[in-house]
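Next come two complexes built around chain A: one with chain B, the other with chain C.
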Partner chain A sequence: MKTIMRLVMGAALAALALSPSRSAAAVGCTLSNPARDLKALYPEMTSYREDVKELPKFPQGRELYEALQARVGSDLDPVYEAFDTPYTLYSVFKGEARLGYVHGVNVPGRGGVIQVFVSADPATAVISRLFFQRLESPGGAALRAKETRAQFTGLSLADFYKHDYYAAVEPGSATDKVAQLKPPAELPETARPDWDATLRGLRKNLILLDIFAFDRRHEPVYQRAEEARKKKESKP
Partner chain B sequence: MGMTGRIHSFSTLTRALAISGLVAGSVSAAFASDDPFVDIAAPLSATPTALTEPEWTDNLLLRKEVYLLFATGHDDFDETRGAMSRLSAGFEVQKRFATATRTVASVDYQGRFVYRDHVLDISADPMGREAAHWEYETHNAYVDIYNILGAPGRVNLRGGYFYQPFGLNQQTDTHGTLLQLLNDRVFGSERDWQATVYGTLTDDLDYNVGYLFGAGPDFDLEGQAGMLVARVALNNDWLFKYGLEGGVSFATGERVDEHAVMRSPSVNRGTNSTPVVSTWRIGADLRQRIDSAVGPFTLTTEVAAGEDESDTILSGLAQADWLHPSRRVGAAAQYLHFWQNVGDGGANFTDARVSGVLTYYLRNDVGNANLYWIALAVERQIRQTDGPEDTLLMVQVYRYW
Partner chain C sequence: MTFTTFAWRNLTRRPVRTLLTSGGVALAVAVAVSLGGFNLGYKRAIDGSIEQLGFQVMVMAKGCPYEAATMMLKGGTGLLYLPENAHTKIKNDPDIEAITPIFIGIAEKQGSSIDDAPAASSFTILSGVDAPSFRVMKPWLAFKKGPGYDSGRWFAPDATNEVVMGFEAAEYEQRKVGDVLYASITPNGKTAPVMHAFHVTGVLERSGSQDDGTVFLPLTTAQRIFGREGELTIIGIKLREFNGIRMREFEGRWMSIPEVQVVSLEQVKGALVSLVGTAQTMVAAVAVIAIIVAVIGVINAILMSVYERIGEIGIMKAVGAARIQVFRLIWTETLLICLAGAISGCLLAVITAGATDAALRHLLNIGVTQGLVRITPGLLGGAVLGSVILGLLAGIWPARRAANLHPIEAIRANE
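Coming up: the complex of A and B.
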């Protein structure tokens, strides 16, 4: 009887374990100590709010996920960047005034996880600060250096979309801000992929932030970059 | 979908239409100049979205859990021809509560229906020792109230049933792993009903101070006074900059632990044969992550010393973990040692084990939001005062989604 009971329960649980996911998971790329981390970014902060964002809960969530992949420009990793990966959007306030958004993503690096966070202006969507949380990289110290991260201040998602056009059509253009980003000189060669992963992570972060917080306001730039690039490339 | 979602959807549609018009209407004009983006203003400013209260369904998260564990002991199988099975199905609910500008609280509940048969004394299932075939187990049940005093992060409150704030347990997710940390040996249970205050202590340190019922996993109230516990630990700056975690912990008071009474005549005498044990512990812990091109290695150690009644207790754990950068494959090894200087002529009590685990992950979300793995483990019981030493083989399937 015991054996039958065990087999029945085991089979039922195995079937449940192997069945497709129906609801999203709970913990995304979060700040491990949000109060302290957000206060460090915004010393004038008086309060903050956390909102969990899940693409499966968005209308046309699957289409958004496919749009994310198209705009990142490479396949999304099934372990690090799955459809049901939850994200946490932090809003920082001084009284009733929103000072900024903070959002983080995980990307696969050469040596493991890279967690890329940005703080962004709520009106302009421009990056005010980039920082790492987990950074499992042999080049972690060089990537974390203040001067490395300072390069990203003032960029926006529009700059990354424009970079797609400039890189294909006008390499070396002075207006291509993303092309001017340089890896730290002291970054070990073995950690070079982690610089590339950082750029990819930042781009993914900004695309998601555009969806979660900015109502996809950068879409005209993406569409324009795509149209312009195709038009240029189709010319003999 | 809540009202917020519908508004968002409508807003997105409106924006998409506007985008189409903008692109179609201006693309030809833009291409007339060299810069195709000249007519798109940068930065793309817009009025920030209005502040709204979250809906009841916002930040409400449900997860499911299935845990299958089969274990067999080399000697035990020779004697009984039986194998242990531990099969469970559970769920977790999390809800965050917020105003328009402030996250104020959260609740978490996690429970499991568990079926066990032929229970073996393995580190992976400490709650199985006295469990019936069928059990409903509460794994977590707590409320967090954030930022109740002072600057944000300075004073937070947590109450309910959760990991004791002693050692690395509270900053480690071990709810599905085969290798557990030291607290189950230190306190007879890794969780307790309690109320704690926690937050930022200095620029480098966090603190955690609380009162524990000392009631064990079954919430036994036997007239015990409960325990005061305090922990000071390096904050997350140390983890993220240097891969380092560590802290010191202290606990003192009374707790219910029938096993502590049974294994020592002197504790039995000291408690007048009740299960209420006078206890103090002091502990230190350290965990160092070492990054490499083949994935992170993590070295962990916990030590704790103290007394149950008049018996001296010493315990320690050393563990090494490796995870491939793809997060698909991991391996770990652990040595665990517990020693009690038993008075009244009893034999000193020792429990020493070494374990190794190899895990293949089908899902391994960085934030543990979606987990799915198959693990194979071996546990060698090196010294067991209260029973025969055995070598155990374990197979586990774990899914959390």
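Coming up: the complex of A and C.
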């Protein structure tokens, strides 16, 4: 009977510990209807998995957050891009085979939050599609246009790091894919900050995806770009 | 050895049966406590949500007052509007302690879709308020502090492009003081939305009410951008003395204005409480059935226990145990099972209160933001007491059967 009582008490305490509680943590970015949205991205999908990633739970989480800040190239908002912001990584499967990753981030636009999602190839880490889940902008229609978003297909984080290198060492290089990204012609001037926010959000998204899914495989490219930039800056 | 120890030892001889019987009681108690908690919590949640509106009386356009009130509590579309001159007429009523005009409109968010097709858009509630009188109604509203929020202030009455954001609205849009907020509004009589850019002058602390998800802007600005100059959604009123007589007098004075109705939030509260009455009755019926089944289970288990020990009881009586002593022993066993079940049931109800709340909120989405399940010490005490009384009643028959056994016949029957 004592064993049974212990089991009952143990179950009660476990249930208490697992009962839902309100958290005041930073707001993450999740798909509003993952089953529908992922099926739209990958029609051959048979299953998917959601992994919530939080930098504080990584062994060197604080260092990763500082690395993210350095690689994004601008300050992270202390409230809405805080250290404890949760991120949701979606892995899409056909049977046992992983078809792709889908990941989204919040980024402050001029007049509201922009949610930038990408789907990426699990082998090459290349973007297969970029889309906005939320975007409120005078240039919203132009930014959402298929042609605008198609520019990003085929890019990877390496292209953004190479862009840093080219910008410092060889401006105007024809091989700088990121420099060739152009805002839509019909984008009003007032919506230009939302184009810039989109680029920033995409870069942040890819850096996080590199950490969460690709074991930081693009890090050597970043390091080489940084060395080149510093060498260039140190020259009189 | 006391009767209680003796009874406890008897029960532990069949631990699985004791546990299952006690578990049946626990489930019934958990259902009953959760239902009681829902009754208490729902009424309190309605009270709290209405209290946070800040006023006791609303003047609104003729229509369904309860639907309008629910929209006020949880937000919604399809609101009716009343002429602003009603406010001018009513505001000097001697019974009024405070009055505030409110205009509510809906801003449509631009839709986005993953598959390039047009997507359904979401909404933001915009509330045009007269800040000075609105603040009198809701003195608890305070500005959020901290980096990015410190310079929060209310907008100027004639500001055309300033807004104050509720806590959740700001969090949802990731806005801070000084940021810009876009809102697309379709003016009355037009079909295409017009995008407006507002400057955020303040972000409010969380209040736990509908205000958290609302964007506030000056009344005249809201009326203008929605193309409804001279119109209001409601007039909120706080009376100097609020009771049935004063309310009827007040209502009588102002019901004469065409197109408007005067609604007491007490009436609204009554209507909202009655809305869930049917659901509560059904859950109560389930709880009563669960209790009856549990009581039958207890009687059955104790009777089985008596019949299994018929020889023992015969020997007890043969060596001098009085009828009352045998009766007391069986009665104590019943009581212990019910008491253990009651305590476990109370524990279960407390642990699962969050899940129960979430489930009820999913089933009964009628616009309250506070907890729907409120389990109080009194409720738990009542449940334990009720279980003890039922246990005592359930134990009478098996205990009498045991007490009335003839010792010789009982010993022989067991051979």
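We adopt the following convention: the second predicted complex is superposed on the first by the 208 of 236 C-alpha atoms of A that agree within 3 Å, B and C clash if a C-alpha of one lies under 4 Å from a C-alpha of the other, contacts with A are read in each partner's own complex, and residues count from 1 in each chain.
Just so it is clear, contacts are C-beta pairs under 8 Å (C-beta built on N, C-alpha and C of every residue); 3 or more make two chains touch, one makes a residue touch a chain.
Since this is a predicted model, take the numbers as computed values, not measurements.
Visitor: May I ask you to decide whether A:41 touches chain B, chain C, both, or neither, giving the answer as first, second, both or neither?
Guide: In the superposition, A:41 contacts chain C only.
Visitor: Please indicate which partner A:106 is in contact with in the superposed arrangement: first for chain B, second for chain C, both, or neither.
Guide: In the superposed model, A:106 contacts both chain B and chain C.
Visitor: By residue count, which of the two partners contacts chain A more extensively, chain B or chain C?
Guide: B
Visitor: First (chain B), second (chain C), both or neither: which does A:122 touch?
Guide: first
Visitor: Now for A:69: first (chain B), second (chain C), both, or neither, which partner does it touch?
Guide: neither
Visitor: Is A:132 touching anything from chain B or chain C once the two structures are fitted on A? First, second, both or neither.
Guide: In the superposition, A:132 contacts both chain B and chain C.
Visitor: Let me test your reading of the model: by the given contact rule, A:151 touches which partner, first (chain B), second (chain C), both or neither?
Guide: Once the two structures are laid over each other on A, A:151 reaches no partner at all.
Visitor: Do chain B and chain C touch any of the same residues on chain A, and if so, which?
Guide: 16, 21, 27, 37, 79-80, 106, 108, 110-113, 115, 132-138, 140, 144, 190
Visitor: Provide the residue numbers of chain A that touch chain B in the complex, in ascending order.
Guide: Contact set of chain A toward chain B: 2, 5-6, 9-10, 13-14, 16-17, 21, 23-30, 32-39, 45-52, 57-59, 79-80, 82, 84-86, 91, 93, 95-96, 98, 106, 108-113, 115, 121-126, 132-138, 140, 144, 156, 158, 162, 165, 175, 190-191, 213-221, 223-225, 227-228, 231.
Visitor: For a test of understanding, state which residues of chain C touch chain A in their complex under the given definition.
Guide: Those in contact with chain A are residues 12, 15, 19, 109-110, 112-116, 146-148, 171-176, 179-182, 184, 195, 197, 344, 347-348, 351-352, 354-355, 358.
Visitor: For the complex, which residues does chain B have touching chain A?
Guide: 1, 5, 8-9, 11-12, 15-16, 19, 22-23, 27, 30-31, 35-37, 40, 42-49, 51, 54, 58-59, 61-64, 66, 68, 85, 87-89, 92, 94, 96, 98-103, 115, 117, 146-147, 151-154, 156, 199-200, 206, 235-236, 239-241, 289, 291-296, 323, 325-328, 361, 363-370, 372, 397, 399-401
Visitor: Which part of chain A faces chain C closely enough to touch in the complex?
Guide: 1, 4, 8, 12, 15-16, 19-21, 27, 31, 37, 40-41, 77-80, 106, 108, 110-113, 115, 117, 131-138, 140, 144, 146, 190
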